[in-house]
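Encoded as structure tokens, here's the structure I'll be asking about.
Chains here go by letter, A, B, C and D, matching the order in which they are written, and residues are numbered from 1 within each.
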Amino acid sequence: MYDIKALYEAESVQDAIRLLQEHPEAQILAGGSDVLVQIREGRRAGVELVSIYMLDELRGVSIDEEENIRIGSLTSFSHITKDPIIQKYINVLGEAVDMVGGPQIRAIGTIGGNTCNGVTSADSASTLMAWDAIIELTGPEGVRRVPIKDFYIKAKVVDIRPAEIQTAILIPKESYDRCFGHYIKYSMRNALDIATTGCSVNVRLSDDKKTFERVRIGYGVAAPIPCRAYTAEAFLNGKEINDENIKKFAETVLEDINPRDSWRAGKALRQHISVVMAERALRESIRLAGGVVNE
Amino acid sequence: MSNKYIGKAVTRHDAHDKAMGRIKYTDDMCDKGALVIRVLHSTVANGIVKSIDTSEAEKVPGVVRIFTCFDIKEKHYYPTAGHPWSTDPSHQDIADRLIMTDRPLFYGDDIGAVVAEDEVAASQALRILEKSVEYEELPFVLDAQEAMKEGAPQLHEKYPNNVLAHTEIHMGSVEEAIKEPGLTKVEGWYETQPVQHCHIENFICYAYGEGGRTVVVTSTQIPHIVRRVIGQALGMDWGKFRVIKPYVGGGFGNKQDVLYEPLCAWISIQLGGRLVKLDVPREETFISNRIRHAIRYHITSWMRPDGSFAARTIKAWCNNGAYSSHGHAIAAKGLNAFPQLYPCDNIDGETWTVYTNRSVAGAMRGYGMPQASYAFECHAEDCARAMKMDPLEFRRKNLMPVGYYHAFSKNELYSDTFNQCFDKGAEIIGYYDKVEKYKNQTGDIRRGIAVSTFWYNTAVYPIALETSSCRIVMNQDGSVQFQLGETEIGQGADTAAAQMIAEELSIPVDMVHPVSCQDTDITPFGTGVYASRGTYTLGFSVRQTALLLKEKVLEAAHQFTRMPVYNLDLVDGKIVRTTDGRELMTIGELALSKLYTTDGSQHLTAESTYQIKSNAYSFGCCFAEVEVDIPMCRVRLLNIVNVHDCGQVINPILASGQVHGGMSMGIGYALSEKLMWDEKTGRPLNNNLLDYKLSSFMDHPRLNAAFVENYEPTSAYGTKGLGEPPACPVAPAIRNAIGAATGVYINELPLSPHTLFREFTDAGLINDPWRNEQGKESK
Amino acid sequence: MATQLLMAKDPAEAIGSKTASAAFIAGGTEVNRLGSDIAAKADTLISLKKCSGLADIRKEDGCLTIGSMCTFQQLIESDDVPAYLKEAAHFMASRTKRNMATIGGNIAAARSDSYLIPALHAAGAVLNICCKEGECASVAIADYLDEQDKYTDALIVSVSVPTDIVLVSKRYANTAQSHAVLTASAALRDGGLHMAGAVKNVGILHFCDLEKAFMDDPDISEDAIVKMVRECTGLHTSDDMFGSDDYKRYLIGVTVYDLHRQLRGKEV
Amino acid sequence: MSKQYKVVHCTINGKEVEQIVDVRASLTDMLRNDFRLTSVKKGCEVGECGACTVIIDGEGFNSCIYLAVWAEGKEIWTLEGLTGPGGELSDIQQAFIDEGAIQCGFCTPGFIMTSWEIVNSGKEYSDDELRKLLSGHLCRCTGYENIFRAVKKTMLRHLGKFEEAEKVNSQGIADYPEPMPFM
């Protein structure tokens, strides 16, 4: 049994917003795989909760009229991984969320919850950062859209206003068109684990597949919030696909990330791993995009 | 004659109920109305509890009572180790524990308890209570060697320099032996880490008053010992308690200690015998139950040119945590094994068991031997490399020879076990081809294969009492129930015993019913299961008792068949006249007649105790093949094979299950498991199943268990210990395989990415060009 | 099988929801007892437990108005309730049952072994009944019992009884807890003699012939009375576990004779 | 403070039920305490060990971090539901027995429910895919070996590949022709 002061079950998005206004102290409960665990640990004991778990309207993946890929915030990880649209246009996201915890956690955990708890190790976040996702929030003043890089403010803090809930995550066409990516989750065991460092790279190659038209690389746990290595991206954009450039790109990420020293992993290890992962994820992205690395 | 049941893959007698989900563990039997106990733990690593203000916490609705260490009027210090009691005081375990103490010695020590109507009220009150404790904090020490230094904080007055015990062994003269010319000296420090049992069923017990006594239902390996210790802890007659052990969800040694049964019984008594349940949450299981001893070794060997040992020394520092629990037994076992595994004429060895302000270390599968095997086998590999010998050949040359006899324990190596196991394992995994294939590799991804062995014995004779009692009762249809002192905790002891009885009485095994749930009021006395003693020790009393019962059966058969007993036998459930093989009556008819005859009706039962005065070596080895991704500091275990000589295998499926479980524990011990503390505050850092890296399904390759069955002459059914041996050789085998692949031989566990990164960097396998340019120091 | 329970807040709601397939439940000792099929036949039970205005006892010039939901035990413990009614309430031996059973419930059940009806009948009690259309009426208990079907959807709100009359009662049962084969009462009021009784498996009887016999000849002999009852063709009793037909008739005779003799001893 | 209750209508093990629950209760609490389905075990109560896994609308969930009120309208299966009316075991339960996949039995209910979902999916999974699908369960007794064999054999039998199923033996020495960099 959980130490919950009160539970309000929303029937619709508007109902949820109303409940949040009526109970300004209440916190949002989606899949609960983070919130319920923190309640049991005592960090959130005695909270009021507005449960939005029953809002089927926030589930599912579709392509909207602006050809954005629209992922309902309550879509579970397992459903994202199996979704044909995701598999077709942004399969790396499906792969990334398929590394969260275990199958049961992926059945309950939602991509909205994963992004809203503002934790840098969230497996979906580094990929969403690397694909310039847009976070859609609905509140008393209506719908608001925020680029994910602005959505994350600082560790565990995201740009959600009072009585707002995250309703969708959008990937613009310009972001996913002709784009291929790969995610590596570095953790101490191969399941039921939190990323020590997560690295998501994607590339759009020139038509002749010889040069990088656009490269993006996002990291989890390389900074207090999920981040991008812009300097490294700037260096590689437009460059020819060859070993030298790939290696230089991988080393340049160090200028954008500042992993910390902790008992979970030392700074030196995190730096080293971040460079190795950048290279490997980039090479795999090139392969997926049909490019060949000439020595 | 070939056995009908011994050695056969008889299905576990409780498998059906477990597959249906109707098996009852402790929590499943406890009434929903039980009050919930949550223990208040110390949040300082060393200190004195000045006061606990319970007023605020008592206001929480649903709280029934709050107890604190100040409610303990008479302090009854008690031992917690699951050792058989000794009537000789010098052999008794150290009694240094209290159910609640005002003198916490580690972060997580027990200083109070909340009793509430439900778990929410209990945890609410607990959180308030945690903030209303006034401590006088004292300096603390976490490392064993640091704790021995002058000026280190003293945990127990009677043990200066925190040394619980210090023992030595000396053979020949090392001083003289090392003067021999042409010797090569090999030296090494080896560090093993604290790990936890992580049985999936947390410790749980509940207690209630009945018939002027207190009944304690608990998930334990040692019900009779629990009853004794509750009596000692509460200063009451032992008979005032009845301990019941239902099915257990894994123990691995943690439940071979008395954990919270005394506190739970005491609270029930304070509340007039009300039903109270103490269910330990996973986070507290990690730090407030028992863990494995972290042991640091320093081993030196002087090798002759032919690769034999001239002299050897060993020092071992064993971190025991805040209380004695099993005391010096773990360290002593390791030291005792050192001169036996690689015999040498000149040996100096000493070992210390040291108190530190850390969670209490107790028994865990292997009881000191996984730690010792890691040090011994890493060192053996280092010696082989120093002498440029093939590691396997080096071992074959130096290991305990056939016929070796150990005077103290009277153990004898009757068969060429080591070579047989090496040959079998090498053949299964294809060792020799792969050694060739993986010679001097380069590149980021490299493979390696290696082998390691270990020393292990069975049960605890002569160090402590070894006794086993059994009772068999025959029903009117000739079927039997039997009860044992050895407890079923998942290893299959019940099924093995059933096979033995079916074999001895020659009746179908499905007519042999174990009474698995043990109850100290009913079950014959027994000290439970530990030290891989299960099948070996119960074999003695089971066979003896079965023979006694058979005698009574044949005596009865004489009455009804008029044939002399020496011409009668019990075969396949029938009374048979041996002279012509004629079947005279079925066992069912016999049992029915004997029970209901109006001329000498008798209930057919037998009960006996057997005191075991022998031990048995149980050796084997592990072959590990790994692939190391050097840049990513990751190890992938490609293949692993354990070969064990546990004498005659009673049940191949159960036996291989034990080997798989031991290998799994060994893999985690080698690659990922480690309990960590914050050096500054003494607070545990990763006491939960997310941050403590227990191996998942995806961290294991296929596990291969193989057996070499040398019938053990001293054993009732030729069996030897098998519960713990499989956990011993895996970690060193993986370490040596990583060494073979990368040339980097690491003397520390676990071989996690952190360790590999540091060692590969030091060895130059990892040298990031950017790190030198940007001058970032790498540590 | 009754699946709905309605806790009526006031008489209007209780009566408003009383359909043919609904049944009132007052104290519950009748509806819930073993063998009762009231709940089984109804689809809704309307509980009067929380219904306002049915539980008080009011004294009004020489007579007492008792709320229908007053329990037997309340009657016993009330200072205003006349002794004869307390005696009748005591006929229910079980203290715990008396805490539940109500005066209104006992009347509505109109059992042939009723504890209270003989006394109320002899006392000339008047029932205040409200019907569906909202209008209430005062009905003498004798008339109510004669046309009880007329009032099935009505609610007995209260019972008015005279306080200053002389009334004696008698009850015959094997044990204190078992059903009575005869419960009879006789009263002197309004200048006349009133006798009534509950005869098991027969019903509530108004002994008007016997009243007339006593009035005509106050000294009439016991045998005459007994003979009269034995030969009374209007009375339809039968042999059953409570006694033979002849025994019941004999019992009625001797009982009313004894009651009358007590009354004459206590002539006001 | 008054407690909040709610009626939950759902189907458990094929039977429609209604149950009043405290809104704070987890699904494990409801199944264990209100329906006495004690096969649902508590190992960690934080969604790590998988011992509390039940099947909800065809998917495996950790019932310890699933609110009971969310069960509204769902179809839930626990291990007790896999056994036939006359006690007949499903083939996955029998396989766990035959392959020695059960030791202490505490993780068994959770494992069998996930395995039941796998073998009834009608799909054929590779060894690595099987390991991933079963990776939501921790076991300390078996080293996962016999569990893997039990699930693989049952999966193959469900697909009619009986000989292949019998060939799934314990001598599992695998050879990996190509190096497998971690990515």
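Here are some notes:
Quick note on the criterion: contacts are C-beta pairs under 8 Å (C-beta built on N, C-alpha and C of every residue); 3 or more make two chains touch, one makes a residue touch a chain.
Just so you know, these numbers come straight off a predicted model, no measurement behind them.
Closest chain to the protein centre (all Cα atoms averaged), using per-chain Cα means: D. With centres set at the average Cα position, the gap from chain A to chain C is 80 Å. Computed centre separation for the pair chain A/chain B is 43 angstrom, with centres defined by C-alpha atoms.
Inter-chain centre distance (chain A to chain D, centres taken as mean C-alpha positions): 29 Å. Multi-chain contact residues, meaning those touching two or more other chains, occur in chain A at positions 1-3, 40, 102, 190-192.
Shown for chain B are the residues in touch with two or more other chains, namely 120, 632, 689-690, 694, 696-698. Residues of chain D found to touch two or more other chains are 1, 24, 45-46, 48, 132, 134-135, 137-138, 181-182. Chain contacts in this assembly follow no simple pattern; the graph is neither a line, a ring, a star nor complete.
Listed by chain label, the pairs that touch are A-B, A-D, B-D. Residues of chain A that touch chain B in their complex: 1-3, 40, 42, 45-46, 102, 186, 188-194, 196, 251, 254, 263-266, 268-269, 271-273, 275-277.
In the complex of the two chains, the chain B residues touching chain A come out as 118-120, 123-124, 127, 631-633, 672, 676, 678, 685-686, 689-691, 693-699, 752-754, 757, 761, 766, 768-771, 774, 776-779.
Contact residues of chain D toward chain B in the complex are 1, 24, 32-33, 37-39, 41-46, 48-49, 51, 78-80, 82-83, 87, 89, 93-94, 96-100, 102-109, 112, 131-132, 134-135, 137-146, 148, 170-174, 176, 179-182.
In the complex of the two chains, the chain A residues touching chain D come out as 1-7, 9, 29, 32-33, 36-37, 40-41, 51, 53-54, 78, 101-105, 107-108, 182, 184, 190-192, 280-281, 284. The touching residues of chain B, when paired with chain D in their complex, are 9, 11-12, 14-16, 18-25, 27-28, 32, 61, 120, 197-202, 247-250, 252, 279, 281-282, 428-430, 443-445, 447, 489-492, 627, 629, 632, 634, 636, 638-639, 641, 653-654, 656-657, 660-665, 667, 688-690, 694, 696-698, 700-705.
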